[in-house]
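Multiple structures follow.
Across the two complexes that follow, subunit A remains constant while its partner is subunit B and subsequently subunit C.
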Partner chain A sequence: MPTRKLVTRYEDDLALFPDRYHKLGLVAGVIVLGIFPFVAGSYGLTVSHSGLIAVVGAIGMMILTGFAGQVSLGHAAFLALGAYTVAILGGTFGWPFWLALPVGGLVAAGIGLMVGPFALRLEGLYLAIVTVGLLFLVDHLLRNGLDIAYGKDYLTVPMHTWFAVDDPSGLGTFRDDGALSGAQKLYFFFLALAGGAAWVSKNIQRSRTGRAMMAVRDRDLAAEVLGVDAARTKFVAFGISSFFAGIAGGMYAFAHPVITLEPFGLTMSVGYIAMVVLGGAGTTFGAVWGALAFVLLLPLCELAGEALPFPDTFSSENRAVLLFYPALCLFLVFEPLGILGIWLRIKRYFMAWPFRY
Partner chain B sequence: MTEFIQYLVSGVALGGVYALVALGFVVIYRASQVFNFAHGELLAFGALSMVWMTAPAVSEEDMLSIGAPEVSGLGLPWFAALPIALAATGVLAALVERVALRPLVGRPVFVSIIITLFIGALLRTAMILIYGAGGMPLATPWDPMGSFQIGDAVLGYTSAAIIGASAVALLAFFALLRFSRLGIAMRATSSDQETALALGIPVGRVFAATWMIAGGFAALAGVCVAVRDPQVDPTTGFIALRAFPAVIVGGLESPTGAVLAGLLLGVAEVMTAGYLNDALGDMGRNFHIVMPYLLMIAVLIVRPYGLLGQRKVERL
Partner chain C sequence: MLTVTDLELSFAGVKALDKVSLMVPGGSLYAVIGPNGAGKTSLFNCISGAYRPQAGRIQFSGRDLVGRRPHHIAALGVARMFQHPALFQQLTVQENLLLGRHHRYRTGWWQDALWTRGARAEEVAHREKVEEIIDFLDLERVRKTPVMILPYGILKRVELGRALCAEPRLLLLDEPAAGLNQEETEALARYMLDVKEQMGITQVLIEHELRFVLELADRVAVLDFGRKIADGLPRTVARDPSVAEAYLGGAA
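After this line comes the complex of A and B, so read on.
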């Protein structure tokens, strides 16, 4: 097996799936993803929904932290903005889902651009803690704003009137009809969104914008000297990242009939950073696989946690924490490149086969 | 005016706690360039250990009777338990550094951020496992309702104790940093680790000592919170999140800044709760909680490295 295909045309360099192995992988992936919702039970579909939401959110995080090197702990705030925008537009104003979702993304992106100026002046930990402040501010504004507007801080999302065929209200229903159940429809919708996000991210990564981001990440002063507009790059990174976070928040709202503010806390932000590092910082591959691994491992740890000899009052989430977090810490300590590192090692082994380094 | 002085006094008491917490963050940051997000859990650990050690011992049968105390502890005298709690938390902090953070030297900043956050969650869960999720009160050796009269304002014994303990701890730390051998080693290490090592300073041991001191500060802050609040539980550590602005406003490298900013923000928070919350109407509910963050953002716009932080000089 040749280590790399001989490139003779510019088109070959630009191709997302350059050789036969990539194309085979693509076909296999499409088949697996297409069959999955018909094989999986309702629990499997719910987990896959969370997984796809996490993929979109993690891609947003990856663009900001992985590509542009800006550490933000305020990612959950943007998800909250997206989720609540979608819920308000859908529930109160009766907008269709395909319009509410991008608007949710844009609202989050708008707030994200407002944080941009701080990123221009602050570095590393200072920025991380300012974004923690953002988390508290958004929480405060949403909590009190909703209390004034609705008298409650939770909202119902009209997902059951979305994905319609025939509904007297004119908004359509999300009910099971014909060949596909509601959860399966949602799965394919989310799959399209996650696929689109990965495609956008991959293209950002290998184009001018992404290369500028990586230059800024590696050394912003040096990038500036070389002619990269560091300020503009950080600004763009915040905008795109919070747009994706807003979309992920909107998806979260679709997947949950009722949304509250509680899940959009520091834990969620940390989860997204963990996904990025778990997958392998700086690549789209890392965002996708990190998100999937994170979302799939947590239920597994909850299952395994049942076997631990603790009193019954100790909740399954707590048991999962005791298993999951140490495992994650060890992984981060011993595998700096995350899942990407493992994948690269496997790939190299087969590329060099039958020789060994 | 009485009201103002009253708010000032409670503000200083709250600020003392913030200053202790912020100083813990700064001490660790100076030594190992790590922002220890598990600090809040160390604080809760200190507080809960204190509760457990001071609570009277209750036998199994008595626990079942109605009206029995919820906690069965060791029944140690209060002032004997305090140093043990501080030392235990210090050892825990040093352990965290040795086991989890030493292997991460040289890795990107966000790796240490998430590792400390995970360790925080882990410690919190472990504390739920050990102490239970319910709140436990900490008895005080003084009358918790008693108070001094200063002019027209009232200074509770508890507030006085918090202010006194913070002041003593802070002075002791600055004396240590300024005059002792260890303090000089700590300053050398924070200024340049490699050079310090080359000059024969045992950097690893200095790290351990620094983390122990920071753990002690965390435990002291935890005890202060525990005597102030009616109950403590493993989530008490979230108060550390509210001390973040103090760290940043003061400047990450500056112990003096942390103390100043802690006191400042404590007073600002209490003043906001007293005067501003009601003025803002519906949006003002719990506004005092976000106020330190707003102040932090305002300060950072003017001074990106905090009030007393080091301006970084970059060379290519």
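After this line comes the complex of A and C, so read on.
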């Protein structure tokens, strides 16, 4: 039995779900994701919200670092910009969520493009340092700007009027007609956003734009001589990446009734890099699975940390971090390609079956 | 076709190119030879825009190339094969070849991101063109193989293919036969003659292997310490005493 479909047209070679097995996988995935919010409890839904936010943010990170090879430690700054834009537009100006969210993405993309010129001159660690500078700058500006404008260092997000509470008068709101709870509506909204982000990322990966990014990553001089405008390619990568980061930040604002600047620090930036590497750099698959694994494993490590004999003064987060990151290091030593490596091996096994290779 | 006039390039006192002038006729196979450090690759870097010469002109089909950025020069129809294969390691052969066609795409990044009908049609059209080159260079077997794991001889062929995919009018070949065995060199010579005769592409070749140059090239220029010391038909250049001196040293 042939395990591969015979490709007879170039269009088929570009399809996302080329054969029966991929299509079956898609249907199964839709069913599982569709049933999940009705089976999961409120804790499960909260974790899934975080997971879907991380998926969108990690896709942004992957486009910049995985595709275009630009190392950025400023990812959290773009999430912060998205989150605060959405919170201010929604809370102070009363914009509907479906309008505030893309604007949040665009604001982050605008600031992201301002880092572009640095990326034209700097590479690798040097660029990483510049982006750390950006992270602190954005943090400083938001902190002081909020202090001046509102006299407080937190913002309330009118997430509840959008998703949880019945508000039929609002423009573009989900009606709470009792069939779906706010958390479930938020889940489906986030699922659509994450699916859309993955689709866009996959489109970039299989088209000219993505190839140009990867060419700049692998050899920028050769790319230029071939006709790739490296400067423009880096700009596009920064723009798209920070747009997705802004969207992820906006989603974060939706999922939390009150936001502060605390979570948007260097730890979050490093977390996104860890997701990209854990998943498998350079692929959309890696961004999605790296983000999901990261978000699901941290609470698990927290649970495990409670059971292990750490000193009582260690907080549960400390314990989780102490367990998670060494485990991540070990995993990457044995599987440098990350989750992608495992998936490729499984796929190869079934493609070659019943032979070993 | 390509005219280089009084080209000068120096790096902090070292004259890499010293008043070099060349005239490459359209449709010809023009060879540039010379000992190591003679400035051959620097000349290519000036033509393709990677270096900016201090003085002199480079004209390609009546257009000045000096001062233009590399991707702009590529769009004018100049393609290049590097001395050490400069392929994109993590991409497949097919993706590398598609990158050769990069500047011929008309769709923008937003069309790619949204996978519009136009973006799809363009991908398919360019894929068809790439398949012609894959067929020409017998690369069918490695089409979907990542470049990283391919042997050197095939890498050279993939790189020639990537340059040809751009449908250039001028092809710069920097030591294409370096590191190839006898059979691979013969196959390469065959491809180069096909490129000249079937595709009508003008080629400028840098090469060390003298026999390869003398049998293939229509004209030969010899560089030594950044200066052109001879220029003419392969036979006459081979007998030129100053060429022998440059290669073998004055005492020989």
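Methods note: the second predicted complex is superposed on the first by the 337 of 357 C-alpha atoms of A that agree within 3 Å, B and C clash if a C-alpha of one lies under 4 Å from a C-alpha of the other, contacts with A are read in each partner's own complex, and residues count from 1 in each chain.
Just so we're on the same page, a contact is a pair of C-beta atoms (placed from the backbone, for glycine too) under 8 Å apart; a residue touches a chain by one contact, two chains touch by 3 or more.
The structure displayed is predicted, hence computed values, not measured ones.
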{"item": "Fit or clash - subunit C, subunit B, common subunit A", "value": "fit"}
{"item": "Contact breadth on subunit A, by residue count: subunit C or subunit B", "value": "B"}
{"item": "Which of subunit B and subunit C A:240 touches, first, second, both or neither", "value": "second"}
{"item": "Contacts of A:93 with subunit B and subunit C, given as first, second, both or neither", "value": "neither"}
{"item": "Which of subunit B and subunit C A:353 touches, first, second, both or neither", "value": "neither"}
{"item": "First (subunit B), second (subunit C), both or neither touched by A:43", "value": "neither"}
{"item": "Partner chain in contact with A:136 - subunit B first, subunit C second, else both or neither", "value": "first"}
{"item": "First, second, both or neither for A:328, with subunit B first and subunit C second", "value": "first"}
{"item": "Partner chain(s) touched by A:225 [first = subunit B, second = subunit C, both, neither]", "value": "both"}
{"item": "Angle, in degrees and to the nearest 10, that opens at subunit A between the C-alpha centres of subunit B and subunit C", "value": "80"}
{"item": "Minimum C-alpha separation between subunit B and subunit C after superposing on chain A, in Å", "value": "6"}
{"item": "Touching both subunit C and subunit B, counted on subunit A across the two superposed complexes", "value": "219, 221-222, 225"}
{"item": "Subunit A contact footprint on subunit C (complex, rising order)", "value": "48-50, 69-71, 74-75, 79-80, 82, 86-91, 95, 98-100, 102-103, 105, 107, 109, 112-115, 119-120, 122-124, 127-128, 162, 166"}
{"item": "Parts of subunit A lying in touch with subunit B, wherever the complex brings them together", "value": "65, 71, 73, 118, 121-126, 128-130, 132-133, 136-137, 140, 144-145, 147-148, 219, 221-222, 225, 266-267, 270, 273-274, 277, 281, 310, 313-314, 318, 321-322, 325-326, 328-329, 332-333, 336"}
{"item": "Complex contacts: residues of subunit B adjacent to subunit A", "value": "29, 35, 100, 103-104, 107-111, 113-115, 117-119, 121-122, 125-126, 128-129, 132-133, 241, 244-245, 247-248, 252, 282-283, 285-287, 289-290, 293-294, 296-297, 300-301, 304-306, 312, 314, 316"}
{"item": "Contacting residues of subunit A [partner subunit C, same complex]", "value": "10-11, 13-14, 199-200, 203-204, 206-212, 214-215, 217-219, 221-230, 236, 240, 282"}
